[in-house]
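Okay, got some structures for you below.
Below, subunit A partners subunit B and then partners subunit C, in two separate complexes.
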Partner chain A sequence: MRVPTKPRRLMVRLVWLVVGLLFVGSFWGLDLEWAKIGELPSDVVHYFGLMFSDPDWSKLPEALFQTWRSVSMAWVGALLGVALSTLLGIPAAEGVGPIWIRLPLRWLFAVIRAVPEVIIAIILLTVTGLTPFTGALALAIGGIGTHAKWTYETIEATPTGAGEAVKAAGGNLLQMVRWGLWPSASPELMSLGLYRFEINVRTSAVLGLIGVGGIGDMLTGYVQFRDWSVVGMLIIVVIVVTMTIDAVSGRIRRRIMEGAKSIELDRIV
Partner chain B sequence: MPERTPHTEVEGAESSAFVAWPIELDGVTVRYPNGVVALNNVSLSIAAGEMVSVVGLSGSGKSTMIRTINGLVPATNGTVTVGPHTVTTLRGKALRELRGSVGMIFQGFNLADRASVYQNVLVGRFAHTATWKTMLGMASSEDREIVLRALDSVGMLEKVWGRAGALSGGQKQRIAIARALSQEPEVMLADEPVASLDPPTAHAVMTDLERINTERGLTVLVNLHLMDLARQYTTRMIGLRAGEVVYDGPATTATDADFEAIYGRPIQSRDRLGK
Partner chain C sequence: MTNTLVLPPKPRTWPRNVGVVLALAAMTLLTTLPRLGGVEIDLGSIARNWSNAAERIGMLLQPDLSILPRTIEPMFQTLSMAIVGTVLAAALAIPLSLWAARPTNPNGLTRRAVRFVLNVVRAVPDLVYATILVAMVGVGTLPGVITLILFDVGIVVKLVSESIDSADSAYMEGGRAAGGTQTQINKVTALPQSWPVIASQVLYSLELNVRISAILGIVGAGGIGRLIDEVRGFYRYDALSTIIIEILVVVLIIEVVSNYLRKRLR
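Moving on to the complex of A and B:
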């Protein structure tokens, strides 16, 4: 009996070794105080008690007003971002733009994706100041990175038949995009636009940390004052508002996508 | 382009000074970027007003050939002439204008399912409409008239405001024919127009194409893979196999042996549609 020689898989072992070393090594740089981990559960219980045993609801109107600012920031950021992403994302799709337009655009999206919204906001601060507008602008620009990528991927996944028909009838590129691609891609793009809004609602709270206003700003303030009962109330507000928006927006998105599918049913009914 | 007044009745093209266009392929070769030679040195001459079928199995090059005629696929070598135009030299706006004179229908109908039937047929007027107007879906009153007339001529006028996606396959192909007719073309190309349809609907669509040829006088070139459809509806048949013309003659009297030469294998039951 001749048994085939067992493959050595040297590379695989080497990769595992490196990954293991990286895992262990990463703890060294962090200066972890292992002794404190033991105290963690009791600390958590202590602060949870401070925050949620008796939340301070007297600041609720102010919290709601700041939430409104955050949501507005998210909405304006989403609208601007989605509009820009659509304009830039469609030419970046294969079959629409030539390669010398596609590649620079995709490179631009990748660079934007690599920069977190907070960093973009910090850069914008120097020009537009500590205003919610800065936040909205940061969300819009930051949104281009992912949303434009989703846009060109959606356009590329769209069936090409209708576009071919527009070309065959003598239509130009714009007409091909408008009546060949847009009708079948738009429900998905609208749904992704709403999803972008949901993401922005969460990110806008983070942007508050650097002082552009909104619920995140208020939260940072009260954490610094160590006013835990207000912090507790704010956290409840953030969670309730975010979950509500997610639920409503998610339902609308489902409606849009089902509407796109149910056309086939029109015929039967 | 010949002077023409808009059709004043459904089957009205012959009343005006309408002249259909001949099609000429001279040594046309198409080699795709991946190296596949889809069409190998094909020369053909189709007279104005002829009803011609192009028969071959899938992969024989018939889709490629029909697309060289409106420049959707560029020829690697050779020249394609349609009426007064040399398609193989046209670029940009001139090419789009030629396409405006050549109607085309497809196996998969190629409609925008989520747009209205009206908007879909209006695509046929794009070659003659300012881009900004088409972006907004606007149309001149003449174009609107042409669209409604084209829909009426295929019996689909009542569906004009419905969504294209809500229609059956046969209805969709009729909308696609209306879209091509609204171009007021000189030539009609059809790429496997009935391959996605059930037999009765297939015969109805073939009859529509036949009427476009006999009543409007258009040159019609239709890709088919079924022998009985080619025999019944077309007068001349061109057989393609592996990118080369292996048959060119009358369709009605083509023998089973002729079809076996085109297919490169014995006739099978799926080569016929039946009634």
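Moving on to the complex of A and C:
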């Protein structure tokens, strides 16, 4: 029996070479201190002990208050973000808006996608100050980038039959959107809206780090005081709250999508 | 003979709709009560701060290009961090994904353990890792790279193991029928089969990494974010705007390249 010769995979080797060179070049450019890398494992064990051997539960009430503030930012941000994204996303879908509306809108979404929420918050706080409202607004505006994209992709993926029927019966654009698109696209859109809330829960904790309030704000404070037992407690709170919200929201999303075909939802951003 | 057209009764959906609207309204009310910790929607503040804000927005609209030479080195640092983080995370994520997927790891106990740990890792936001690591190992790029690795491993393992779970496992059955051990099956069938997915998700994580590593410096974890924090402290909004535009351009370039490569992979 003759074994076929192995295919020569020049391209694959080239790709590996490029990746390798990029990696070595970048690693060299980082100037990492080798001594620190050596100490890393013992450091991690040391600080894990400080944080989790005896978490300080006396600050739990304040932590829960701040967590609710973060969750509130996430919710208000998701609500505003989804509303804005729906308004902007529907005309950006092919078959709804004309091309001179579609293209600029899509560019706008791409630009917003490229700017991290933290930077949006830094710009916004010149207007609204270091308040949770700034956090919510930053989440809303930052959310448009991905969410409006999902919105128009969802709308483009819905069957066009119903919409054409409305048009044929003499309906105008608004009526077509309401009776042709909305019924078939709404489960998907609501599910995506909830998913936006899940993402925002994570991001709102990050926004707290620049001082807009919430659990991130409290966490930075205690990290700076080096009060590790409180930091440990806060991390446990963040993990439990995030995982609980993910679980509940995930269950609701599955309920909404029951019967409707699900497209790839779990793109974590 | 006359045919009377009888319309079918409308399905009663209003109780459910009312329920959904009420639930949404209740959640919105609870999250906007400042006494409970909610967000105070203060549109008045926009009006009050308008003169101050208008001046700063004016500065943002006139980017100060003189800072550009100073941004080059931190920008390269940001990109280096993103690349190193992505590659190291990919190296860790490949064995872990095989461990976290049902066809490649039939042992329910270890599979659930790996999944649980990764769920916990994913529940902590990126900058929170960075803040804590900076306090642990000191200011620099090391905490930034570790943050990126933790973040990437979480998402790449989730996405890749899910795709292995849902992929056709005919080859693997062939391997099992031929008497291969699980390790041999994974190496010879599962891994080659999932290369395109792995490569695509790793590229996706590189995109996210560039975006994250641009802001890691705000908490002291290296890269261009350090400069953002500095110019923000001095209210140099004209310089800030240059940096934001630069990040925007770099992120968009990486996204275009990565999208092109990912299309080629399919």
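To be clear about the criterion, the second predicted complex is superposed on the first by the 239 of 269 C-alpha atoms of A that agree within 3 Å, B and C clash if a C-alpha of one lies under 4 Å from a C-alpha of the other, contacts with A are read in each partner's own complex, and residues count from 1 in each chain.
As a convention for this text, a residue touches a chain if its C-beta (ideal position, glycine included) is under 8 Å from a C-beta of that chain, and two chains touch if they have at least 3 such contacts.
Small disclaimer: the values here were computed from a predicted structure and weren't measured.
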item: Superposition on subunit A - do subunit B and subunit C clash or fit; value: clash
item: First, second, both or neither for A:206, with subunit B first and subunit C second; value: second
item: Which superposed partner A:187 touches (first subunit B, second subunit C, both, neither); value: first
item: Partner chain(s) touched by A:221 [first = subunit B, second = subunit C, both, neither]; value: neither
item: Partner chain in contact with A:40 - subunit B first, subunit C second, else both or neither; value: second
item: Partner chain in contact with A:250 - subunit B first, subunit C second, else both or neither; value: neither
item: Touching partner for A:170 - first (subunit B), second (subunit C), both, neither; value: first
item: Between subunit B and subunit C, more extensive residue contact with subunit A; value: C
item: Contacts of A:95 with subunit B and subunit C, given as first, second, both or neither; value: neither
item: Residues of subunit A at both interfaces, subunit B in one complex, subunit C in the other; value: 266
item: Residue ranges of subunit C touching subunit A (in the complex, touch as defined); value: 24, 27-28, 30-32, 36-42, 45-46, 49-50, 52-53, 56-57, 60, 76-77, 79-81, 83-84, 87, 119-120, 122-128, 131-132, 135-138, 140-142, 145-146, 154-155, 158-159, 162, 208, 211-212, 214-215, 218-219, 222, 228, 232, 237, 240, 244, 247-248, 251-252, 255
item: Footprint of subunit C on subunit A - complex, ascending; value: 19, 22-23, 25-27, 29-33, 36-37, 39-40, 43-44, 47, 65-69, 71-73, 75-76, 79, 110-111, 113-116, 118-119, 122-123, 126-129, 131-133, 135-136, 202-203, 205-206, 209-210, 216, 219-220, 223-224, 226, 231, 235, 238-239, 242-243, 246, 266, 268-269
item: Residues of subunit A that touch subunit B when the two form their complex; value: 161-162, 164-172, 174-175, 178-180, 183-184, 186-187, 260, 263-264, 266-267
item: Residues of subunit B defined as touching subunit A within the complex; value: 70, 72, 96-104, 106, 108-115, 119-120, 123-124, 126-127, 131, 134-135, 162-163, 165-168, 176, 179-180, 183
